[in-house]
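Per-chain residue numbering starts at 1, and chain names A, B, C, D, E and F are given in the order in which the chains are listed.
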Amino acid sequence: MNAQHLTHVDEAGAARMVDVSAKEITAREATAQGVVLCSSTVIDLLRGEGVPKGDALAVARIAGIQAAKRTPDLIPLAHPIAVHGVKVDLDVQDHGVEITATVRTADRTGIEMEALTCVAVAGLALIDMIKAVDRLAEIGRVRVVAKSGGRSGDWRRD
Amino acid sequence: MNAQHLTHVDEAGAARMVDVSAKEITAREATAQGVVLCSSTVIDLLRGEGVPKGDALAVARIAGIQAAKRTPDLIPLAHPIAVHGVKVDLDVQDHGVEITATVRTADRTGIEMEALTCVAVAGLALIDMIKAVDRLAEIGRVRVVAKSGGRSGDWRRD
Amino acid sequence: MNAQHLTHVDEAGAARMVDVSAKEITAREATAQGVVLCSSTVIDLLRGEGVPKGDALAVARIAGIQAAKRTPDLIPLAHPIAVHGVKVDLDVQDHGVEITATVRTADRTGIEMEALTCVAVAGLALIDMIKAVDRLAEIGRVRVVAKSGGRSGDWRRD
Amino acid sequence: MNAQHLTHVDEAGAARMVDVSAKEITAREATAQGVVLCSSTVIDLLRGEGVPKGDALAVARIAGIQAAKRTPDLIPLAHPIAVHGVKVDLDVQDHGVEITATVRTADRTGIEMEALTCVAVAGLALIDMIKAVDRLAEIGRVRVVAKSGGRSGDWRRD
Amino acid sequence: MNAQHLTHVDEAGAARMVDVSAKEITAREATAQGVVLCSSTVIDLLRGEGVPKGDALAVARIAGIQAAKRTPDLIPLAHPIAVHGVKVDLDVQDHGVEITATVRTADRTGIEMEALTCVAVAGLALIDMIKAVDRLAEIGRVRVVAKSGGRSGDWRRD
Amino acid sequence: MNAQHLTHVDEAGAARMVDVSAKEITAREATAQGVVLCSSTVIDLLRGEGVPKGDALAVARIAGIQAAKRTPDLIPLAHPIAVHGVKVDLDVQDHGVEITATVRTADRTGIEMEALTCVAVAGLALIDMIKAVDRLAEIGRVRVVAKSGGRSGDWRRD
């Protein structure tokens, strides 16, 4: 792929879904991360101090997993991919909740968008849970941190 | 609403969709922002320097508008809201693309989640367009910047 | 609305969902029509001559009704509308199947797109039923034939 | 397949999804076409004469691509197919906009319905963009024009 | 409504979505129940005896809430309804898990189908969590137990 | 798989989608059953005695087939599976309607959830058709009755 061209638009600039039917099925994995920055009051609530945190983190995890499956419905030019495994970790720290998602497939194209979508939507669902307590909460640093498999090989963000 | 409790979980911690059927229908508006940080190569491409940028920004705008409509499908405890207007601005700057979304409704509950979802998914769709050129691109600072209407009145992030 | 401008794009050409939150809720109805042109062999089968036609027309009717509900998911800039009633007639004639759909709502904006989507998808579902028998089948003349209610009043195609 | 029977209904007339699990995975391609007939005023607007046409054609292209992916959700008895590539051309001519969609896959069954759905929904999205300017616009001649791959081999409409 | 006719089919037997646009918006509530019958091993696991039950019940609750929102997408002739509140209780008893869902709206038609869909899908999601431990698990007695609001007034199953 | 652990939660109790990318693609089939218990008045209507039953059973069949395809969207931790064949039988008996669904695939994991979802949603759609005539109708005994293929081999409920 020529790095000087935008993928997903042809030479006339028209959006298209790039043909991957001739690519091989190989095992692929991608990991993405992001963070929901929020107040210390929210952090206390998510740690269950004083009041039940209940399903709060579960809602975010499940929203992320479901969004990974729905990536081709959300991202117009993304290929449908059979998502074969998803793991979402929510790590409640003092400054916010670090979200890490790892997605695996055996399919014809990369799964980075699924991992990013998983993190972004888990973050949105978490914001929805806490927005009445902290209207300043924000999602930051949603990015791919590692990928393996496929033609372009393994890669890890430094 | 007591700021010391997580919304969306009851006293036993169980997730539930809070009943809003008794709330009044009022005009509401929310604006959210975020940014896709990317390389100067991508910025040049998005500005159409040398190669056609084509539908690249249109894809992100449309993905954002559609995601705003699909918010209750993505966010487990969000209420279905009749989205009555959506505007997405993509401002290509030197460091990245600033995304601003304004969503309007006349309904029973706030529309901040729709605005945030619009920004996050527009950002994801933009990443999908540019990821072959810049695998380090990331989405940052997805947050509500203003809201008006509804019981809690007008608010603007400082 | 100025008939010299495309709806759904702003003065800079950017797609947006036009704000309808200030429009009144009124009863609205739209009727659309279309036709699936097909061979006489198919017509005989759909009339149940010799073999059971079974659920063939029911599948098309149901696909059309469901598509009417899913219009805002399919048409990027369409507003979500509460579809309050749908009727799909399939009239098997010698040259093909005439499809007529009438959709009703009490909402803030017109329901022509729902009626058109209903007809088009009923037509697609019918093609799917018959394509093994007639690969030349085609959908034609999908158009609005009447509308009533709303600001622009009643209208009937001549 | 016996051309004298409707596919998708069994001997008692009950709708069913035909079992294709034993069919081989092969590369398949289908091309469909259709037209949106509209007024010369619309044609001028879509050519960008005097006012920005902006995202108008992009919206239709993207709606078509997304609909191709959503075919099994719209067409009750259609098999889920992994869509591997989609290209939508919109050719603005004097009498209307000719739409051509080519869809590719490597899967167990044909992809004609995906190509037809792509054309029909691109046409619906285009109508949505122009309906305020031309309420007489209509979609016509939605049909398969070529297919290749699979058991039944290559075929081209004359 | 004449109790001697099937709703949703017209006098010719054709499926249609009954027009409710003239019905008034009123507060409505429906409660449905069902049970997932399962082995004592599963019950022990769901009570968290020995191993973490973790998100198991949360997954079922969230699946039920989301399914309530998606009812018109699942049930072909159901009207889109703005779901305004959903509560799902999962009561782990010795013989199985009793599921109770209460759904509220302010809309033009009843919300029984949303309550039933919520219970059925919560049950399906629970089965999915436990099926590797108990392949004999089954869903039983999914039924409406109470409704209030709307033209037909309050009702409670004896 | 250790029968003493809940699938779909990890050792800390967090929901996850189990990785199946290393499993082989094999032909798999599952059959599920359930029943809609209803009054003799409904049975008479469904048998078409006196009034046209029309599309009533077709609606339930089609809803079931579509739900089978949408299983991964409804069941949070279910894997996307390419559904390759679905058959739904509705047997109108004196006490109610017996529903049997058989689903087939060639994929990496079992298809029992698709069969169960098909039966449950066919049942819900049938309830929707008859609820105005019989508000006491209920869905019962939704369960897997047989499966074949895959690592765990063939199985039949006694």
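We adopt the following convention: contacts are C-beta pairs under 8 Å (C-beta built on N, C-alpha and C of every residue); 3 or more make two chains touch, one makes a residue touch a chain.
Here the structure is a predicted model, which means the values were calculated and not measured.
Novice: Where in B-D, A-B or C-E does the B-E interface recur, with over half of the contact pairs identical by residue number?
Specialist: So the equivalent interface, with over half the same contact pairs, is C-E.
Novice: If I average the CA coordinates per chain, which chain comes out farthest from chain A?
Specialist: Greatest centre separation from chain A goes to chain C.
Novice: Using the average of all C-alpha atoms in each chain as its centre, how far is it in Å between chain A and chain E?
Specialist: A distance of 30 Å separates the two centres.
Novice: Roughly how many whole angstrom separate the Cα centroids of chain B and chain F?
Specialist: It comes to 36 Å between the two C-alpha centres.
Novice: So the centre of each chain is just the mean of its C-alpha atoms; given that, what is the distance between chain E and chain F in Å?
Specialist: Taking the average C-alpha coordinate of chain E and of chain F, the gap between them is 15 Å.
Novice: Note the residues in chain E that touch 2 or more other chains, in rising order.
Specialist: 10, 14-15, 55, 58-59, 61-62, 66, 70, 76-77, 82
Novice: Can you work out from the touch definition every pair of chains that touches here?
Specialist: Here the touching pairs of chains are A-B, A-D, A-E, A-F, B-C, B-D, B-E, C-D, C-E, C-F, D-F, E-F.
Novice: Can you list the residues on chain F that touch chain E in the complex?
Specialist: 1, 3-15, 34, 41, 45-46, 50-56, 58-59, 62-63, 66-67, 70, 74-78, 112-113, 116-117, 120-121, 123-125, 127-133, 135-144, 155, 157
Novice: Inside the complex, what are the residues of chain A that reach chain F?
Specialist: 27, 58, 61-62, 65-66, 68-70, 82-89, 104-106
Novice: Note which residues of chain A are touching chain E in the complex, please.
Specialist: Chain A reaches chain E through residues 55, 58-59, 61-62.
Novice: Which positions of chain D touch chain F when the two form their complex?
Specialist: Going through chain D, the ones touching chain F are 10, 14-22, 72-73, 76-77, 79-82, 107-108.
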